[in-house]
């Protein structure tokens, strides 16, 4: 019953096999091989648009490089208060952007409130040099709270970013989970809704280590080549990332894996909602993360029974909703989660 | 006849297989799994000393983080003029070190001249704030010229570094090739000779992507955890690097692979030395790189025959030794180089 | 009736005259002259301790360099939400610290709440590399709200910083105003209360451009020489700053100027408190800044009458206390403020 | 006999007086006063073109900000090997540019050789991401060797920069000295010859502390406002720099001061050339710096007699020209140098 994180799983067999299949032979290094090119083209097909793709090793690298490409002196990036870039990346976005500041924007269930975003950007009038200047807006899809921005919500934020002439970035560490949940196309969830830059994540959905920065305006790709290399993210045997993505996309494996993870989360959520010991959902699970309110003693019992999951910081909007002896817990499913583990947890919670 | 670079090869079967073997199941993320710990302990055994090990994704990352750990404002790093950090990393060491400067030190055949190093450090007297301050010394072993520092040479440079209170870093992108060439132990080639920090490379010797920063003083490890994470080099599924190293070290595979690559280089060098078309060695091949002087038309003919190798920048000390119609060429062998390819090249050069 | 800011004034005659007095002749450059040394010794006398002093050109430079000297990768600096470093320095502290993050701590009237500080530091447990690591604590004395930390309050914060092994910095842009208001010695308000690093400001209190970083542990001064030079803050004709400070300290001019500015603020506050048009103090003026709640139409009338002062952001703790037609206004007095201007304003507000 | 540096002098009386004249009264801060605007307009008149002007505190700041405005990831700046940015600024240009690298270009007498520049730029082909990318070209006028680029030489370098799409920066720490030596207009020596960015120095020519970044394309000014503020170089009482420049330009004082300094250097050079003890010029003095070859014992005798001047690093092209017992010495004159001191030195050398 491992619900700690989707990155506790390993690699899907098809991905591991494809690595082995590409292990022999020689190809040119540093992202210049045929396989690299082929997978890059695949990205353009998937996004129904010619895109520039840059493989990198971690989601933190993808986010930091995407934001660094928007860099301005005294720059301010607007993100949700609980965004991964803000709480989980040890200052990498700031470091890669030479000291840019992240301005945390509030909003319930992990989603930036558009009115708050507008107001927060407004705190940096362009003539006031002392405060710094807006530089980018970033959202996470699916969010760190397991919720999903609708296309309309994305478009609303994109419009604000555009009005202020700010690049709009999407952290898609769980891109596939959001995509199958919304039932839209990659194009619809990104550039057709106003997204300029994407961190496309494969690692949490069955790859070992496969992330990419996707630029929807390939004309802006030139500097990214140097940004990536300078950041030590250009892999010599780059095809080991390409090979993962090749298998990831083949036969829409990526969508199947995400559908499985989401289905497991839905089933887990149903089990929690049906609990007879007072366990309940903090909010609906829209992707592959379930946030549950449980009595501490229930949670501890589950952990003694072998379940692994994390305590979670109680957000403001939920604060009054918990009893003294209750906690908020996050449970994450992945491509590797089994129905059996979900059923065991549901029965015991 | 692929002699372009050792990073044109893929992954050794034992390494690919071990990745597959570890693909299933759950383990804790971000370098905290049992496998990570086990491989870290293996490093301590190999170096005959308790060391702190930090897995990273690229050699550039390892070098840059090692140097960043020595960071000082206005810092100057002393490296050979042709060092990878100086000519092949797109400013990553400078970026990671917040603008440190690399001071190129001269020396023949890729090896820093100790007297020149001493003189170059002397150009930065401690009371002269305008010039900046020395911050680290770094050597590459084996060098970019395929040569090797003897233990005495390493100790001489280490003594200079120590006298100036500078950390001494070794870029070991081809550590194994140097090690088996010298026939010494990892401990002898590093901390027993005065090395403080090591970039330990596995990628060029049969891994997909397995590099590590090794600190010989584990007490200095704390900041490196944050440096690595901030640099986006902490992998969530870190075990995919650990698994590569596990197989790399098992049964001394790494030494066997390096011995093979070196042996191929020796044989290739012998073939070139025996050439009847005027091809000859620019200098002796001590590891897995061969530098040959060949007539341009011979080189071009070889390339038409399918050989891949690079033109090389003619260093000063060699300048007078080439005829008008001759060029300098680099040929790199790897774990995957075959005797057949070497023989074909030798026969044709 | 110029109450816009204390930096709208120019230079006190004694300071301007001393510049002229030192204009002729030759002295060695870059902070090495006799005058530089003499003024540095004066700092040690004033602080009753041997201190290391570094002249710089702006308060932002002093703050940024002081914090940069505490730099750690992924570092987090704890400051009040309304601190100058957080809202008025365009990311300079982050830039100088290579991407350190400022964590805004709440607290009423511009003063950091000690319990909130403790809780905020607690959000960065040392084993959690993802969040970054605490790096420094900084307070402003007098605060941006014109309030003053008592010695006990300083000591309380210092104890928290020390417990977490964090350097404690004081932004003393209005150091003199705080000092004479508390009626303590420079030593008592700083190192005797646990302050490690001080930005000592002269500019707002009658100098043209005279700021200094003061290190209470001179053993830590070495790196600051390089930090300052690298930051382009080492002036060749450094004596022009030394000469300002020489005059500033002579005959305790600095304390007299601060007493005057504070007295003007006290008188202005009394006038506002006695207003018959509903104008009132938002809180007590403890140094040389007065925060007044006034009807917008009164404020506008005053502005038409020639008064210059700024609208101010209404802090949370005051939010309910203003009527619809009221605003919060900041009025700053300086060494140059006249009783006449204060009386005119008091009569009209 | 102070010939140590032009920054050992203080401030010209007219400049000191103007500071006093502006000391009283209130003006708006941070570069927004009428005086700031007036002096900015004066710059446009002087350069016969609308320019954007940014006052800063040091020449290092001006250079570093100018180069930072051209920043690119992995960027390489081409400068003369002996340029101030390369040897005297403690890594400030690299720091402000987030790790850009300075590539030293050779050339005799402090002047970049155009063919070497072209060759050095050529070492960074645009498709080779590993080496980084060219980012700017910078020259010093007058050079650190007291020589001067002719307009044709400037235009030649400008053409190379333009062909490679690189901004062309001029470090004008001794701008006035070069200008009066060439007998051309400020426009001719800068934008009419292809210069894009200028560090305009007043400090070495009679100001206390007055430097400016001048952008010849004002459309590029927006980012500079933020760069300057983030670098802690926006002075609150900015008029103290404006007032210095106001007096500096009034009645062409700046040109008179430079003419005086240059004339003193010419006379000093003539005296050295006429020496009977073997002292001679290393090369012609074209501005206010004289480089003399003297017997060490002569130099030491002069120093005992009270003369102050520095030993200088012997450049390659001069190496064979000195006898064992000779040294190279730099003597700098300034607006404050007296004929008497020059005559005394000439008689004694």
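Every chain is named by a letter (A, B, C and D) in the order it is written, and numbering of its residues begins at 1.
To be clear about the criterion, a residue touches a chain if its C-beta (ideal position, glycine included) is under 8 Å from a C-beta of that chain, and two chains touch if they have at least 3 such contacts.
What you are looking at is a predicted structure, and each value in this text was computed from that prediction instead of being measured.
With steps allowed only between chains in touch, the distance from subunit A over to subunit D comes to 1.
Ranking every chain by how far its Cα centroid lies from the centroid of subunit C, the top place goes to B.
Interface comparison, B-D against B-C: more C-beta pairs in contact at B-D. Computed from the mean C-alpha positions, the centre of subunit C lies at a distance of 34 Å from the centre of subunit D. For the pair subunit B and subunit D, the distance between C-alpha centroids works out to 41 Å. One finds 50 Å separating the Cα centroids of subunit B and subunit C. Of all residues in subunit C, those touching 2 or more other chains are 30, 73-74, 89-91, 95-96, 98-99, 129-130, 132, 226, 229-230, 234, listed in ascending order.
Chain contacts here are complete: no pair of chains fails to touch.
If you check the complex, the residues on subunit A that touch subunit D are 30, 68, 72-74, 98-99, 129-130, 132-133, 223, 225-227, 229-230, 234. For subunit D in complex with subunit B, the touching residues are 73-76, 87-91, 94-102, 129-132. On subunit D, the positions that touch subunit C within their shared complex are 2, 4-5, 7-13, 15-17, 19-20, 22-30, 56-61, 64, 89-92, 95-96, 203-204, 208-209, 226, 229-237, 239-240, 336.
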